[in-house]
Amino acid sequence: MINSYLPVLVILLVSAFIGLAIIVLSTVLARRNPTPVKLMPYECGMDPIGGARRRFSVRFFVMGMLFIVFDIELIFLFPWTTVYDKLHFFGFVEMLVFVLILLVGLVYVWKKGALEWE
Amino acid sequence: MIELVWLIPVFPFIGFLINGLFGRNFPEKVIGWIGALSVGASFVVALGIFLELLGMPAAQRSVQKIVFTWILSGDLNVPIGFLVDPLSMVMLLVVTGVGCLIHIYSIGYMHGELGFRRFFAYLNLFVFNMLILVAANNFLLMFVGWEGVGLCSYLLIGYYYEKQSAADAGKKAFVVNRVGDFGFLIGMFLIFVTFGSLNYLDVFPAAQEKLTQGGLMVTLITLLLFVGATGKSAQIPLYTWLPDAMEGPTPVSALIHAATMVTAGVYMVSRCSVFYAMAPVSMTTVAVIGGATALFAATMGITQFDIKRVLAYSTISQLGYMFMACGVGAFASGIFHLMTHAFFKALLFLSAGSVMHAMSGELDMRKMGALSKKIPITCTVYWFGTLAIAGIVPFAGFFSKDEILFFALVRNPAFWVLGAVAAVMTSFYMFRSLYMTFYGESRVDHETAHHVHESPPLMTVPLMVLAALSLVGGFVGVPIFEGWHRFGDFLAPVFAPAKAILEHGHHAEHHSVTMEVVLMAVSVGIAVLGWLFARWMYVTNPSASDKAVEKFGSVHTLVYNKYWMDEIYDALFVNSIVNFSKLLWKYFDEGIIDAIVNGVGSVTRGIGELLRWLQTGLVKDYAYSILLGVLVVIGYLVLK
Amino acid sequence: MVTLQHYLFLSAILFVLGAVGVMFRRNLIVILMSLELMLNAVNLTFIAFSRYLGSIEGQIFVLFVMVVAAAEVAVGLAVAVAVFRQKGTVDVNEINLMKW
Amino acid sequence: MIPIPEVNLGGILPALVLCLAGLVVMMLGLFIRRGAVATAAVVSIAGVLIAAAANTPLRMMDKQAFAGLINLDAYTWFFNLLILISAGLTVLTSVRYLTDDGLDMYEYFVLLLFASAGMMFMVSANHLLIVFVGLETLSIAIYVLVGILPSSKKSKEAALKYLLLGAFSSAVFLYGAALLYGSAGSLGFPELAKYFKAGQISRMAYVGMGMVLVGFAFKVAAVPFHMWTPDVYEGAPAPLTGFMSVGVKAAAFAAFVRVFFQSMLPAQMNWIEIIWLLAALTMVLGNLAAIVQDNIKRMLAYSSIAHAGYLLIGMVAGKEAGPAGMLYYLLAYTFTNLGAFGVVALVGRKGEANVMIDDYRGLAKTNPFLALAMSIFLFSLAGIPPTAGFVGKFTIFSAAINAGYIWLVVIGVLTSAASVFYYFRVVMKMYMEVPETQPAELQFSPAMLLALGIALVGVLYIGVFPTNYLNLAALSVKPLF
């Protein structure tokens, strides 16, 4: 029982190590040239201080919508992975078709220019 | 020949198709003759079938020809076919014969009109539907024709649609007829429920088996069908559309609103004679409504100055006679009067049309007078028509009207009184119109007077044919002498079952010949009385009519305004229906509110106030409605 | 002890809250969120039953519901943006061009 | 190794073909510079025809596929065909519309095809999950289609309303499904049927049933779940409105009937009275409200509500005759209403500038054939013989009478007689009035003419020779019982 959670522990340790290593390395190695902009807390490109009711670009919505739609398809991948080894080639083809259809959607979105910021 | 019965409606339909779809560039004459000849061809076929029918033994004169099976699915079996029997034969002959004459007349009358092609296309379509109506072998097909003639009627009433009054009249006819059609449809469904079929030959022979004498079902069916008949045949209370229908071209008034379509109700009631015989309550209703209409419409005919409106009211009145005949069990007499009426009323309308033609479209009799010299043929045939409708021996109307009055007396003297009084009035107003139009001093404008001319032969020949028919048409039904009533004998097999039911338990009462003769003398006397009175008022002593107006001032105003029936109707029914839904579904301007409030009253107003918020355009309210529905549904399911 | 009834009760409350939100909130975005709440209440019911009945069918249903909900929200946002561009508002009470 | 259930791609081939056609159109449109709409239309029509060909074998089948999720039977066949007819005619009526307004919206056809595929899944479902997925595939596509007109405020508003209310009703439907699942342990129709037959029906199951019923009632626009209909029909592009009133409604009815007759028949006594009431309310309200409308699209919207009421009578009538009548009625209605909306789209001209009833004044003079066609469509809607609409009403009414629902039929007859008022109003305008200003010439396209011709022939042919189609309908409902 405990054994089955061992991989989780390993993942935890590895990720904690990598995360810490990046922070430590960057503080040790990076050159410092602070500007006010650089010192601002990071908030996805938004100005962190100011009215919360400020309008923001409709582009966010478009990106958000596309993200939701493509992201949610992952939900079908999870159950698939759990039985993938038992489905063999059939399962592979099924998922391939599914992903291809998503790909068509992606191509459409791309060609339409919905992924461009401007 | 009977095999070819399907050809009868097909010819006019072909005429309709040719004129309607391809006639755009045809010259008038071609269009007109295509129309007339297609109906003429039907008449020839009908005549051939008639002769063949005469050659058959009386008991076998009922032949059904199934053309094809329209609906055959599960327990639903609706074969489309035609029933040739004496009743439908009479109707077929009348429709095609009179129809053909009117078509020919129209070629002359409609000459130069803008929608000449449209007119003939509609007219042929009408004949087609009318033939379907009368030749059908089941109620459903009859209903097809019933709706079809209605449609053509509205289209033709509104023929001059640039005129607002014409368009309104078309709409009015439509609205009123829909009320009647409710009755027909529901009655038809009840027949279907009871018999599992709509075919005449399945339904009528089984009537006594499936329905109880005087029972609720048969009474309901007959009353509902009669509601349909009152709509189509312009009886009280649904008669208001017919006088307005005179907005249509005159040949239309002659063909549709006098000779054929409006008699469809009489035909339908006669067709269902077995049902009516089994429902005494309905019989009485039919007789009372018919008698009342005969009288009521006659009183209104007296005061009209528009020559076509006089004829329109007289049509309503004569239709009342026919229904009274059916109501007292004299179905054959009703049909007899239907036929003679078709002759003389078509004649009268067409001669009125001829007068209009001469008078450059003038309809007001006060602006006519002394036309007998200028348009002698028209005047002569108008005489024929008037004598016939007044019931003067030996014209056609005498025989049929007298017969109805006779049976009315036998049944209940009260009906006879209704009929007799109406007969006096009929005679009076018809002679009044005759004298006002053709005699006395000329009151014609100088402008018009110059153009007064007799109509072309294309119009006068049909008039003369109809005049001849109005003269001799009655001799097929000479009373008293055994075997001389050819018409009645011909129809007898159709009405035999109804007659058997009606006489069941009663002894066939014998009436002395003396009584019949006396009655005849009385009815002729009545007619002459009306005639003389009219003559006195409008020829001998022209100022008398004005005095009469003075003397009976208020009564005259009341009658002249048609008892304000139209206004009452509008207020009670037409507006309230439209406004009711407006109230429910629309915010409306202040002005309409008043009108509605008058019509609908406070109860509906309360409901309306609640409901008018419904379609607000707001999503939240729609969601609320859904949620409410959900709660009701769940509540019902949980509590049940 | 948390029983099936608790889950059902909770999800019923969430569902009603969502429904009330649809009817009484004015902001389009909030209404979309309320709809999501309703759908997730349904999901909760499905999961609870699935667990209770020991059948996997309910869980599969939930996966589909989630995908559909996402697609619906995406379209909803798109329409909301379009409406906002034309009318300059996302207040549903001001969106009633068509009525009666 | 998990046993993989039988994969019967042949059975769902019609839907697959439509999906594929949709994807192809989507890609083609991206790479074709000019005439994308025309190309898209051609590919769509080809897809519809191929799908129709792929559909034919279903008529003889009577089996389940995909582990009992999908029904392959005559019922599916019938509705697939109906959906394909409405999709095909809608494509034809839409072409002009999309090029006319300078829209280069080939996506319209993509969405139309996807929606049709969704409908096909919906009608073939043997499990509520499939019903749901089909329903949503169709709905989401339609939400977008309704709002597709870029410059029209009404179009956007309609999309918004439809989406919000559609999602709301979906949630209700789903909640009902969840409760049914909790009671029956499964949402497959056979399992549900077993549960209802066993007789131990819990309150929860009844509530679930009621909510599922509401979900369907919303889609078919039954009162009081109809309120979205007039607004959405008014705002949506006219050809699409036709598609919604016909295709979507048919698919919703198909699933409605399938679910309730195949799996909940034993509880009939409980739902039949609800549907009775819905039918009565729908007929009365739809017809009354239609009388006062001035916009022809709104008028036809209320008329389509009223028709949902007549169709519900068929459900109340039950047995085999009721649903069979509904199938015939839907077929008749498909031709009729698509024809009528085709005319509306045509007369509406550029940007739907002329959608008031007054805009039909004098049409008989300028375009006699068009006016005649419109009159026939309207007669059929009003149920005047010898059109298909009459036979449809007649069969449904007589089925209901045979089942003893006389009062419902009386309401039906009365309201349909009243309906003639507003249908005839348009006919009167066309034939008996003159326009105040001379309207612009109508722009006929070959595709539109073809569509109107097909619709007209359909209305008349199945009205005059209904026997075969009635039998077909009767045959198609057999698998349900």
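The first chain written gets the first letter, and so on, giving A, B, C and D; residue counts start at 1 in each chain.
By our rule, contacts are C-beta pairs under 8 Å (C-beta built on N, C-alpha and C of every residue); 3 or more make two chains touch, one makes a residue touch a chain.
All values derive from a computational prediction rather than experimental measurement.
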item: A-D against C-D, pair bridged by the larger set of C-beta contacts; value: C-D
item: Between chain B and chain A, distance of the C-alpha-averaged centres to the nearest whole Å; value: 82
item: Centre distance in Å when chain B and chain D are each reduced to the mean of their C-alpha atoms; value: 42
item: Between chain C and chain D, centroid-to-centroid distance (C-alpha), Å; value: 26
item: Residues of chain C engaged with two or more neighbouring chains; value: 19, 22, 31, 60, 71, 78, 80, 92, 95-99
item: Multi-chain contact residues (two or more partners), chain B; value: 585-586, 615, 617, 619, 623
item: Junction residues of chain D, two or more chains touched; value: 160-161, 164, 168, 230-231
item: Arrangement of touching chains [line / ring / star / complete / other]; value: other
item: Complete list of chain pairs which touch one another; value: A-C, A-D, B-C, B-D, C-D
item: Chain D partner contacts - residues on chain B that touch it in the complex; value: 69-76, 140, 143-144, 147, 154-155, 158, 161-162, 167, 170-171, 174-175, 178, 181-182, 185-186, 189, 192-193, 577-578, 580-582, 584-586, 614-615, 617, 619, 621-623, 625-626, 628-630, 633-634, 636-638, 640
item: Interfacial residue positions of chain C with respect to chain B in the complex; value: 19, 22-24, 31, 92-93, 95-100
item: Complex interface listing, chain C residues touching chain A; value: 60, 63, 66-67, 70-71, 73-74, 77-78, 80-81, 85
item: Interfacial residue positions of chain B with respect to chain C in the complex; value: 585-587, 615-620, 623-624, 627
item: For the chain C and chain D complex, residues of the former touching the latter; value: 8, 15, 18-19, 22, 28, 31-32, 35, 38-39, 41-42, 45-46, 49, 52-53, 55, 57-58, 60-61, 64-65, 68, 71-72, 75-76, 78-80, 82-83, 86-87, 92, 95-99
